[in-house]
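Okay, so chain A shows up in both of these, paired with chain B first and chain C after.
Here is the complex of A and B:
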């Protein structure tokens, strides 16, 4: 009986330790995958939002049609589908960063916008480079970038918008 | 008799510990099961929200006179001042970069979405 009692206790303690280790592992990996899932969900939400914004910029003249930085309700940069209008680009550069975020409805994110030629060189409108916002640092982990080909005069250029949290 | 008594005490201790372990396990499973159900509902409503906000954008960008009908699986409301589409009483919201959308509350079922002079008008049919 003495030996039987000892064996029973050791077996039990051993199995409890193994069980607790396995359970801890399960909880640990569960939490990792939950946070990955939430991050992925947020990244997808931002991607969908950026697609909508880029659609809006390159397919719509904005509201009102001849908008400026004071009366703008909806930002659009083209005169017709994918044809950039210089006046609208200038007006867009004059809209403040924070107001632009509010109009795009990406208040909780930062963004960077630019228009470059197909070789990556900056384009100027009325003497200034067409870029808005701060270039994202390399530390930003979840940057989403959308590029669209548009016409600037007769040249094909690239409209690029990036956002991150 | 003495030895049997000792064995019973040990047994009671083991059963007690097992009881607490399984109680903890039950609580853990219950919590995680609830988390999964909530996540499932979030993904489902989020999917519906994103899809419907894409429909709103498509109708807006397609220009005056665009009309389509679509069925909704949840109640929805668009809040133009916040540029937000709210699904199932704010259970999930998604951002839309335009405010030219009617704020009529929509109940689940078929809705008509129409672009009237760059204003997206939505109503149940």
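Here is the complex of A and C:
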């Protein structure tokens, strides 16, 4: 009777050990994939948001149409579809960084904006380089960058906007 | 012991082993089901919808710029190809077909089957015919 009970106990302990090992493994991998999934989801959300912002910038003149840094409601940088307007670029440079984040609805993120030529060289508007925000550091892990091709006069240029948390 | 004896009346022979086997099969089935679902979810999430969105905007931008600079209108195939090569970021490939009244130009050579995005743009040529360019973008 005693020996049979002992055998049952070993059986039970063995199965519990195996069960706990499997459960630990599953929880471990579940946590890894959950955190990866959440990070990817956040990245996707930010990408969608940046694409929508870039759509506004390159396809719309903004609200009001002749906006400036004081009366701007929606930022748009073009006179018509994908044709940049120098005055709007200048006005955009004068809008403060925090106000721009609010207008873009990305308050919880930092961003960096610039316009470069197809070789990556900076473009100037009214004598100043067209860039806004702080260049992201290499430590920023989840930087999302959207590049749009637009016309600046007759030149084809690249509008870049990056954001990160 | 008495209880086991009592139970053994109902479970003679190898029935206990059968119950154990069914137990394992059900457990394995559940584990395989969960793992399959996880792998399926992960593989789905790896084909990122945002990269499709970026390819979509890239195609729209390139052909809008070509349209506004009159390269499409004049049907200048060399200029169109060189402009595309200049504007296309590293890692992307693009082929296109222009159908314009009775003229057709097809640049397609080896459109990859892996993640292809396609789009269209309608424009007016120099003879005021309605033309269409169809393009395919993929990650090289």
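Everything that follows uses one rule, which is that the second predicted complex is superposed on the first by the 162 of 165 C-alpha atoms of A that agree within 3 Å, B and C clash if a C-alpha of one lies under 4 Å from a C-alpha of the other, contacts with A are read in each partner's own complex, and residues count from 1 in each chain.
Throughout what follows, contacts are C-beta pairs under 8 Å (C-beta built on N, C-alpha and C of every residue); 3 or more make two chains touch, one makes a residue touch a chain.
All of these numbers come straight from a predicted model, not from anything done at the bench.
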| item | value |
| --- | --- |
| Contacts of A:73 with chain B and chain C, given as first, second, both or neither | first |
| First (chain B), second (chain C), both or neither touched by A:103 | first |
| Touched partner set for A:83, first chain B, second chain C, both or neither | second |
| Chain B versus chain C as contact partner of A:18, first or second or both or neither | neither |
| First (chain B), second (chain C), both or neither touched by A:10 | neither |
| Contacts of A:48 with chain B and chain C, given as first, second, both or neither | both |
| Partner chain(s) touched by A:60 [first = chain B, second = chain C, both, neither] | first |
| First, second, both or neither for A:39, with chain B first and chain C second | neither |
| Chain A positions touched by chain B in one structure and by chain C in the second | 1, 4, 30, 37, 48, 55 |
| Residue ranges of chain C in contact with chain A within the complex | 1, 4, 31, 34, 38, 41-42, 45, 48-50, 53-54, 57-58, 61-62, 64-65, 68-69, 83, 86-87, 89 |
| In the complex with chain B, residue positions of chain A that touch it | 1, 4-5, 8-9, 12, 16, 19, 23, 27, 30, 34, 37, 41, 45, 48-49, 52-53, 55-56, 59-60, 63, 73-75, 103-106 |
| Contact footprint of chain C on chain A as seen in their complex | 1, 4, 22, 26, 30, 33, 37, 40, 43-44, 47-48, 51, 54-55, 58, 81-83, 118, 146-151, 154, 156 |
| Of chain B, residues touching chain A in the complex | 3, 6-7, 10, 14, 17, 21, 25, 28, 32, 35, 39, 42-43, 46, 50, 53-54, 57, 60-61, 82-84, 94-100, 118 |
